[in-house]
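Structures for review follow.
Below are two complexes that have chain A in common, paired first with chain B and then with chain C.
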Partner chain A sequence: MSTVFNWQLGRDMEYPYEAAYPDRQFAFVFNLNRCIGCQSCTMACKSTWTFSKGQEAMWWNNVETKPYGGYPHHWDVKILDLLNQANPGGQTWNGEPRPLKAPYGRFHGKTIFEVAKTHVSPEGAQRALGYLPADEDWAAPNRFEDNPAGAPPGSPGDYTRGDARLPEHRTWFFYLARLCNHCTYPACLAACPRNAIYKRPEDGIVLVDQERCRGYRKCMEACPYKKTHYRGTTRTTEKCIGCFPRVEGRDPQGRGLPMQTRCMAACIGHIRLQGLVQFNPDGTWREDRYNPLYYLVHIAQVALPLYLQFGTEPNGYYIPPRWVPRPYLRQMFGPGVDAAIEKYLVPDRELLAVLQLFGKDARMCFRYEIRPGPKVFETTLHGRKFELYNDTIIGYGADGTKIIETTVEEPLHLRPEQHANSI
Partner chain B sequence: MPTPSEISNRQSEITNLKSAPHRAEWAPPAHAPRRSVFGNYRPEPEPAAAEPVAAPSPLTPAAPQDHPETSDTALARAFLYRFLARAYEDPTPLGWAQLCAPDTQEHLTAAWKIAGDRVAGSAPAEVPASPGPAEETAGALDHAECARIGNPPDGRPEVCAAFTPAAFDAFLDAYLAAFGHAARGPCPLNEIEYGDLKADPLFQPHRLADLAAFYRAFGLEVAEDAGERHDHLCLELEFMCVLAAKEAWAREHQLDAEPLALVRDAQRKFLREHLGRWTPAFTRRLERHATGTPLAALARFTRAFTLAECARLGVPPGSEDLLLRPADEAAALCESCGLAQALPGAAPAAPA
Partner chain C sequence: MPKHETDPDDPLELCGVGLLTHEDTSEAMTECFIEEFLRLGYDAERLLALFRNPFYTGVYMVLQDRGEAFVRHKIAEVFSRWHRPVPWATAASPPEKPAA
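Moving on to the complex of A and B:
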């Protein structure tokens, strides 16, 4: 075991390998307030990568309904339960937030790596705390999931009323889109007895070497997000490859520029933004003020990592759904939730502009620029003053090419009077 | 009707394919070694110095000077493909007359002399140095046989002797017996009927889609009155005929290396993934089924030519033992999901 710095936890933690960071890191932000669970992302991924025999139950990208859904079934409940058993009541946060090094304060609980030292599974010691899902856990994803929490018992056709009022709905659910987080400290990589998993230095994408893998499934046991999948026909494990040919800029559509993955580009709700970020030698993010991901995660702090307490430093970030009860969100996204929702409810001028970058172009945006526009109106939102400016935001690709130019207000086109009924 | 954007997308796809063939592949680039930021993963030592690479990688087409091919060879190959495509078509008296015409036979003999030279020599130049065990035995057997068929005493291929105007009825009988009137006779003419359900990574529809993509990438479409699926042997042979003709044109007009490499690479891939994969099994099956008829001679000739092509393009030929897919595969898949039983009015499932 060696000691590595995990900025999401605001402290050092233990990891089986020496700290090392890629030149750039695959990362993404999902705005869960906008996800409608249409599964376009899921099918884009499926039809690109996992359409063959043996991959039928394999969904590298999936969208599940929270709180009752999960793929595999109850993955998060089970791992949270294991952590709680190992460290009862101790998974707490404390300490003052500090920018970059500890934006959510300091985690006083134990990560899956730290717990593994004292946790011995039936097969011996583990590198990371985990469990192997049963075969049936992978079956029937999304079945019976769309049930709201907190609904009073009703009868068919009888809808609950008056429960939907912000800041929190009494009856709630939300959609959670997930894929491999290409973690900075991957548990799958740590657990592989054949050293078949590697994290690429150029973009931090975590891959399984199919020639080395022998299908022991230790990675499936160790990954807390359960994002490696066993394929019976080849007897190996497969996982999300981050559409690396697109990230490398080899998709002809991108004309040489790095492109966002298939699931990001296919999102009809424009909830997704993916890009590459850079690290400092100590494991924190290198300042890149006008990279939209850096802005959303570190400046605006509206995008939060998923189950950061696991300790793998996932690189998937989520803008939490604002109607969901806070204790649930704090468990899922850490103590940064309240500030993130406050910020998102009444967005400032820059945040509103950056949110326009989501889903506008399939190429990756590395830098943005805002051209101030006129003030459109002002009002009061949630008791605070809100001013809307019609700013223009411009996004640039890897080589500085302008790929996006859009305004905060969508252009409005009115059909002229004489053509009113021309259809 | 394709929309204007579909047309422009397709055109840009084709342009991209032509301008940068390596980009059309989503395989990892050959120059990028697998590396990890963590100490767990050490890359394998490079075998480059130890064993010289005998076979060109399928992703990197050999430079034109590597193979002493001329436009004549390519034209001869195109002719042979065309001849075979005609021969496997539904037999008609007119078509048979063309196949048996002295002119055709003369051209066939000449073309075979040029394009069949690969089977005459000892080791084919472009065959991989170390084929797998199965390929090795199959290759050894076939090579002897090919040499026999490839070097007829008078230089005239066996089919010329078998294809005589009087043999039409015998050929027609054998054709109907082998291929049948129904969707699937004893020796199916369609690629996707061949393959191991477990080993084949592609489902049947994927194979069809892949074939359609091959045709479309070169601007070809199946004629509406053809009435055949994309995986019909004649269509695949005709496609190779077009590619060989394109190669001949590129060589004749001394185009720069890129179009030539592209068309050469496409032939290699098509042979590896489609025609060369199933033809050995098909011809073996056909030869056994049609013993003593002109069709058997055609089968032997097809096999000799396919293996010569595989050797020429450095592609390992498919297994002769490739089985037919079970005819009721779709039905079996359908039953397993249980939907049919669940529908109203369905027969109750048999007790286990």
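Moving on to the complex of A and C:
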């Protein structure tokens, strides 16, 4: 085991390999307040990469309903339970938040790598705590997730007996869109006995070498997010490839500029923003004040990593849904949740402008600038003063080309009915 | 035990697992969706149509559960906060939530 620095946990942690950081890192922010679970992202990915024989149950991108659902079924409940069994009541946070190095304070619990040292599963020692989902866990994503009263009587999976019926949920829920987090310390990579998984130095995308992989499925067992998938027809593991030809700027649509992945570009709700960030030698993010991802994660701090306590330093960040009870959100996104929601509820001038970059152009935005506009009105939102300015935000691509220019008060153009499905 | 028999003590067996809270946050969720789509440029009529569309489960569930009068009231409330017009009169107070 080596010692590496995990800034999301605010401390050093153990990892099977020495730290090695890419020149740039694939990262994304999802605004869960906007996701309506339409699955456009899921289908964009499916129709691009996983439409072949043997990939039927393979969804590199999925959207699941929380807290009821998950793909594979109950993936997060199971890994949280394993961690709790290994370190009962010990998965806690405290300490003062510090910019860049410990923005959420310090994690005093154990990561999946640290627990694995003392935890031996029935199959033997592991490099990261995990479990292998059963085939049926992958078979039916979204099963019953939006039908909380259960399956129709008599259908497969019907739990009703006699007069007994499951109660209909009257409580909160939200949609969680997920893909591979292209972690800084990937558990899949750590667990592979064949060294078939690697992280690209140019963009941090984690890939499986299909020539080396022998389908041992150790990566599936170790990945806490369960984002590697077994393909029976090739007897290898496959996973999200971060649409790397687009990230490299090889999609003709981008005219040589790096593009966002298919799932990002297809999002109709404008919930997604993807880009590339840079690291310092110690693994923290290099200051890049006007990169929208840097701003959302480190300046505004409204975007938080998913289950950061697992310790893989995921590079997917989420603006938490503001209506969901806080204890659930704190478990899912860590102690930064309260401040993030407070900030998002009454957004300041810069945040409101940066949120306009989401979903505006398929090319990646590397830098933005804001041109001040007139004050539109002043009001009180959630008990606090709020001022709306119609500022203009301009986004630039990798080579400094202007790719986005839009205002906070954006006009909506409706496509005429006769062109409803035109491209 | 037969595989398909319900075991109430097994939290992993059912899709609906035990939750930390039974709090109904549908009002906050409704407000959030209205505000987000308002910022995207939706007008009140288009927003109401979204609530009426059964394919958008979250908002549709609110309309089923709380009724259209509640949704119209929330749209009017959020729109007035953001200084946007609504084509219907703003209700003075929200309708009562029907008993579950």
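Quick notes
Here is the rule we go by: the second predicted complex is superposed on the first by the 387 of 423 C-alpha atoms of A that agree within 3 Å, B and C clash if a C-alpha of one lies under 4 Å from a C-alpha of the other, contacts with A are read in each partner's own complex, and residues count from 1 in each chain.
Convention: a residue touches a chain if its C-beta (ideal position, glycine included) is under 8 Å from a C-beta of that chain, and two chains touch if they have at least 3 such contacts.
Because the structure is a prediction, the values reported are computed rather than measured.
Bringing the complexes onto one copy of chain A puts chain B beside chain C with no clash. Judged by the touch definition given at the top, the superposed model places A:108 against neither chain B nor chain C.
In the superposition on chain A, A:325 contacts chain C only, with no contact to chain B. Judged by the touch definition given at the top, the superposed model places A:189 against chain B, while chain C stays out of reach. Look at A:11: by the touch rule set out above, it reaches neither chain B nor chain C. Using the contact criterion defined above for the overlaid structures, shared-chain residue A:360 touches neither chain B nor chain C, since it reaches no partner.
When chain A is checked against chain B and against chain C, the one touching more of its residues turns out to be C. Within the superposed three-chain model, A:34 lies in touch with chain C and out of touch with chain B [touch as defined at top]. Here the smallest spacing between CA atoms of chain B and those of chain C, following superposition, is 20 Å. Here chain A touches chain B in the complex through residues 16-18, 20-22, 51-53, 189-190, 192, 195-201, 204, 207, 209, 233, 244-245, 248, 250-252, going by the rule given at the top. Residues of chain B that touch chain A in their complex: 12-13, 16-17, 20, 23-24, 26, 28-29, 34-42, 198, 200-203, 206.
Here chain C touches chain A in the complex through residues 4, 6, 11-12, 14-17, 19-26, 28-29, 31-33, 36, 39-43, 55-59, 65, 81-83, 100, going by the rule given at the top. Across the interface of their complex, chain C is touched by residues 33-34, 36-38, 67-69, 73-74, 77-78, 143-146, 148, 150, 159, 161, 164, 166, 169-175, 270, 321-325, 327-328, 355, 376-377, 379, 381, 388, 410-412 of chain A.
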